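The same chain A turns up in both complexes below, where it pairs with chain B and then with chain C.
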Partner chain A sequence: MTTNHTPVPRTSSRPRKGGWESQWVGLLFVLPFMIGLTVLFIGPILAVPIMSLYNWVLPRAPEWIGLGNYARMGTDREVLHSVWVTVLFVVMLVPTNIILALGLALLLNVKAKALGFFRMALFSPVVVPLVAWALVWRFVLQPDFGLVNVLLGKLGIQGPNWLFEAPWALIAVVVCLVIEHVGMNMLIFLGALQNVPAEVHEAAKIDGANSSQTFFKVTLPLMSPTVFLTVIVTLIGALKSFAPIYVLTGGSDATSVLMVQMWKQGFKYFDFGYASGLSWLIFLVMLTLTWMQWQLRKRWVFYES
Partner chain B sequence: MNLDRNVNRSSLRVVSNGVYYLVMLLLAVPFLFPTVWMFAASLKSDQEIFQNPLALIPQSISWTNFVRIFHDYPFAAQYFNSVYIAIVVTLCTLVIGALAGYGFARLRFPGKDFMFILCLSAMMLPSEALSIPQFALFKFLGLNNTHIPIILLQIFGGTGALAVFMMRQHFLTLPKELDEAALMDGLDRWGIFWKIMLPLARPVLVATAIFAFLNSWNDYFNPLVYLNSSEQYTLPLGLQTFTDPLGGVFWNLTLAASTLSTLPLLLAFLVAQRQFVQSMVGSGVKG
Partner chain C sequence: MKHMPMKHTPMKPLHRHLIMLALLSAATASAQEKVNLRFTTWAGGDGLKLLQTLATEFGKKNPNINVEVESIPFASYDQKLTVQMAGGTSPDAGWVAERSAPAYMASKSLLDLSGYVKANSNMLISDYAPASMTLWKQGNGIYGLPFSFSPVFMYYNKDLFQKAGIPTPSELLAQKKWNYAAFEASAAAIKKASPNAYGGTLLRLDPSNWAAGILAAMYSSGGDIFNKDLSTCQMNSAGTVQAFEMMQRMIKDGSAPKLGEQVTFASGNLGMYADQVSYSGQLSTVKFKWDIVPMPSGPKGQHTLLGQAGYAVFSGSKHPKEATQFVAFLSSAAIMKRTAQFFPPPRRSILSSDTYLNSNPLIPAASLRAAVIKQVSGARALIVPANWAQVNDVVVRNMERIFRPSANVKDELNQVCSEINPLLK
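So, the complex of A and B:
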């Protein structure tokens, strides 16, 4: 066999082994992942809507009831309450996270000493295991001996039962979660801020823009693709939240988001049909929100053309 | 990306340094305090935690909490479970994710686009909402109360799909000539993958490893669904087992255990801060 490696121009066909081989070799590479994905995720995605058409409470056998589970949801006060709590939760969490992340990124985007320390400090909760973080907050927010109420007591204020009273429990969960996760978005925004070319700012300055005008009219539009992506990821993350809520409040009434409700129906009451219906509802909500975001992006996302 | 360079000079110039540092220090308090306080409280006695919850420095340092969680509870087993599961998940995610990422980036095969879309959708959808059929499947296979569902669901779930996506993005950036030259030198696809592509993918492998390890270490939902006995528990569940028969929490033990579950991650973060931060940010922006 001769080894004549004449340089091949890029346009000509490069030496290939038999057609069938180059076709199937690629499949072999992705096969391990695709098999697992199909069995554990694609299958269940298809199974969820089908299971939701059955009345299936373990250990009884499933029984076809059509859209019965969905009809039941429409009149189930507990579920309707969960929908409302979920809306409140998302509406509180996502803007708080995004605005705080932007603000912190701006504060870190200056020349100052000890920036590394502040960046590390604000990011560090991301590395603390979620359950450990939630447990510390649960202690700090205990009604009698918790740190927050002890402090409030010194000011002469009787603090609420943070984790179980109606508005406070949800607020407590949001604050706990925002502080845990905002460092991530902050860093992403910091990266985006530093990718805005310096000339753009100089041009705005020459045109007489003050710093807030520069930020809202120049910097923010340039960052908008990043902001858009971050909002979607945060939104989806918020809808998925389960562990911190469950650890903090045990999924109490005031914090019973849809995910908690689904868990209760599925793994506490073993009402698999109904829980599947709720899963499907969560899917649809997430798909709708993602789709809406996608539509809205055309209005306010700036792309360099 | 260098986070220190290319600083935006126009913003915040007006704010004097003193005010700036004061604001930053005040802001840092709610971020640092819970962790620092957790470390401090883990060294306090039960009474002291309640007597003076505000104190950061314990009156007398006692290690009894740490002794007790290992002595009186299956905490060592739970710790071991978390460590070995996270290592298995990380290694498998790296190998399986890199293989698939390379396949999607560099090779052609029937159904590729469709499969990649499936992979992307697995990244977006909440895997917890699939838990009912998954539970039914594992129950049917008789794998409940084992670690297998927890490991498999991590490798092939959102984390796995994210790994495939990150790997694909990385392999797409490498020049095509690399594969072609290697093919002509007589390497087959498998050889190219192991000897050329994988060594070049080190940064993205590190980022993926961090994600996989963190996600596995933090996984709460799946252990809650699949595990029944406290010897089988992983740390997120184990941290909640320090209770008296009436359900009251032994806070000193809980906080000591929480400290031990946080320590390895925090130390790793402090040592490899730059790598950590950049891998996280990079994966968020390049999407």
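So, the complex of A and C:
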């Protein structure tokens, strides 16, 4: 991946003249999308905080309960459990993904034959639809006749029931998601790595730095803005994970992260008020974590240019 | 860049067109006076085709009514229906599954049909097996008319039994030896003879549907999910514990598939499997030989679960009169004879008829008589509280712990009850 710093010349296709008529035509073209966006996206987002103040179990009519839904969360064992599972999930997923992506990017950043193949192989899971990916894994991780346990059996190891046994289910979900997503982060890191100027590395070598010193003291700081970006994006992605978890384990106890809990309350128990409250909780968690990252970035992100 | 203020004038013609269009369509609607009904079902394939044919026939008899049959997959059926009801776009009538009926009745989403049923003697409500109506009656009201009265029975793979060289469940039944001990022993024998297959299971591929198979074993050893008035959890009662312990043993010794093992009876790798008549539809192209028998008997006799589904008119309907008419048409004896091919009919006059026994091309009449008709009398409908979704979820969430080889099933089920009881208050 090469980066080009010369500005791309803009072809001025925008009509300078024509006034409001042409603007109307343009607006008409985007209108279908705008209507969809407003009705299906912005509207519901604005409705959620209001809905969270009601006791609204479909199909009954909503009843105002103020902050009742939020008070309920504090004592709801299922929700508290989900908070804990979410913490475990994020703590396992994000560092694994980032470290692995960085490691793979370093490995693939040398000039050698057949590297294109490895890059493609590692990136290809990214383009597989998540649900299809999860469905395949559900078969691979079957307890008796799944590929993983059959292979383990050949080595004389009896594998666990990956998707159902308590500690393994969450680990299996994390592994499955890391393999799906690591290619994306790897590619971003690869771009960042190739952006580190060769002179800097040369200077470090002349100063007598060994390869690990070069990496930790020179390369990593120079690509820290990229690491920062990927950490935030991966973190938000992790908190948003729903479909693969649902397909893999049906949202069992061991893997019932907050997103799964919210879905369950909303679309299984039809408790729309409570589910709205939970979605606010998830939003606040995301906001807080991102804000914390943003504050911390001054400590570890290196901006020069 | 200078921004032009948004003028409203260009919108005006469009606006006018829209209003005219709306007026025009309203005018045509009132001129025809045709009532359009939406009828929802989770049927697919031939079952759906039959319903559509019936809707067309009804339309010919009642030229002022047009019925649109809409199929929604079972997994999302209640979700879609509930959201539509809340959004004011409720269908007029449709199928309701037994496990969802109490929730709909509690939220007053179903219309009371008793007035119509009593006023029309040709409804012949006395023809319905009494057990088929318990779920749909509340006080003096009738909130649905069952069309399916489907006991759970046992499918078995003849080839796997032959390979194991053991008597088949049909043979055991003839010798009056078809009980849960025999079920367990046969499963172990099959596993021993065919290591790549499983002997049998009472569970379903979808853990959230656990009750469908194992309830029969619970009933037959005196267990249940709730007590009679649904006020206490009985999941830790001796009978229930026995049934779950049997499945734990079978999973442990490998004769039953573990949770999450993607094996189906139709694949030919499962010796015995508990399901209903409708499952036979998936067996039309299988390569192995199979048959059906009633569920085994247990220490407290032979009981099974009676799956039910009914036709209901939704209270959100804008045409309750016409919707009721359509539901009555579907429930009439003449029509139920035709739907019986897919769903064992709750009308006794049809259930016991030869036409019914010969209606399923895949299952011989003798088997159908033994597994369906004879079982009906001892079968129980599952009556659940309105918040069944939450209660069921407690069991599903604990399932892995209950069936762990080292688990003390009784302790785990005590835990399940301690979580379910507060939900029943």
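Rule of thumb we're sticking to: the second predicted complex is superposed on the first by the 262 of 305 C-alpha atoms of A that agree within 3 Å, B and C clash if a C-alpha of one lies under 4 Å from a C-alpha of the other, contacts with A are read in each partner's own complex, and residues count from 1 in each chain.
Following the convention adopted for this analysis, contacts are C-beta pairs under 8 Å (C-beta built on N, C-alpha and C of every residue); 3 or more make two chains touch, one makes a residue touch a chain.
Owing to the predicted nature of the structure, the values given are computational and were not obtained by experimental measurement.
J.: Who does A:Trp64 touch here: chain B (first), chain C (second), both, or neither?
T.: neither
J.: Could you say whether A:Phe139 touches chain B, chain C, both of them, or neither, answering first, second, both or neither?
T.: both
J.: Considering only the touch criterion stated at the top, classify A:Trp24 as touching first (chain B), second (chain C), both, or neither.
T.: After superposition on chain A, A:Trp24 lies in contact with both partners, chain B and chain C.
J.: Answer with first, second, both or neither: which of chain B and chain C does A:Trp294 touch in the superposed model?
T.: Neither partner.
J.: Should A:Gly250 be classified as contacting the first partner (chain B), the second (chain C), both, or neither?
T.: second
J.: Check the contacts made with chain A and report whether chain B or chain C touches more of its residues.
T.: If we count touched residues of chain A for both partners, the winner is B.
J.: Using the touch definition from the top, say if A:Met120 reaches chain B (first), chain C (second), both or neither.
T.: So A:Met120 only meets chain B here.
J.: So, does A:Phe216 touch the first partner chain B, the second partner chain C, both, or neither?
T.: A:Phe216: touches no partner chain.
J.: Under the stated touch criterion, which partner chain does A:Phe267 make contact with: chain B (first), chain C (second), both, or neither?
T.: Both: A:Phe267 reaches chain B and chain C.
J.: Kindly classify A:Val150 by the partners it touches after superposition: chain B alone (first), chain C alone (second), both, or neither?
T.: Only chain B is touched by A:Val150; chain C is not.
J.: So which positions on chain A get touched by both chain B and chain C?
T.: Common to the two interfaces on chain A: residues 23-24, 139, 145, 267.
J.: Spell out the residues on chain C that touch chain A in their complex, using ranges where they run on.
T.: Its residues touching chain A are 4, 7, 10, 79, 82-83, 85-86, 107, 109, 196, 206-208, 254, 257-263, 316, 387, 389-390, 393, 396-401, 404.
J.: Please give the residue numbers of chain A that touch chain C in the complex, ascending.
T.: Chain A reaches chain C through residues 19-20, 23-24, 58-60, 138-139, 141-145, 161-166, 250, 252-254, 256, 264, 267-270.
J.: Would you pull the chain A residues touching chain B in the complex into a rising list?
T.: Residue positions touching the partner: 5, 14-15, 22-30, 32-34, 36-45, 47-48, 51, 104, 106-107, 109-112, 114-116, 118-133, 135-137, 139-140, 145-147, 150-151, 179, 183-184, 187-188, 190-196, 198, 201, 204-205, 211, 214-215, 219, 226, 229-230, 233, 236, 239-240, 242-243, 246-247, 259, 262-263, 266-267, 272, 275-276, 279-280, 282-283, 286, 290.
J.: Sort out for me which residues of chain B touch chain A in the complex.
T.: Touch list, chain B to chain A: 1, 3-14, 17, 20-21, 23-24, 27-28, 30-32, 34-35, 37-38, 41, 50, 53-54, 96-97, 99-100, 102-104, 106-112, 115, 118-119, 122, 124-137, 152-153, 155-157, 160-161, 164, 180, 183-184, 189, 193, 214, 217-218, 220-221, 224-225, 235-236, 239-240, 249, 251, 254-255, 258-259, 261-262, 265-266, 268-270, 273, 276-277, 280-281, 284-285, 287.
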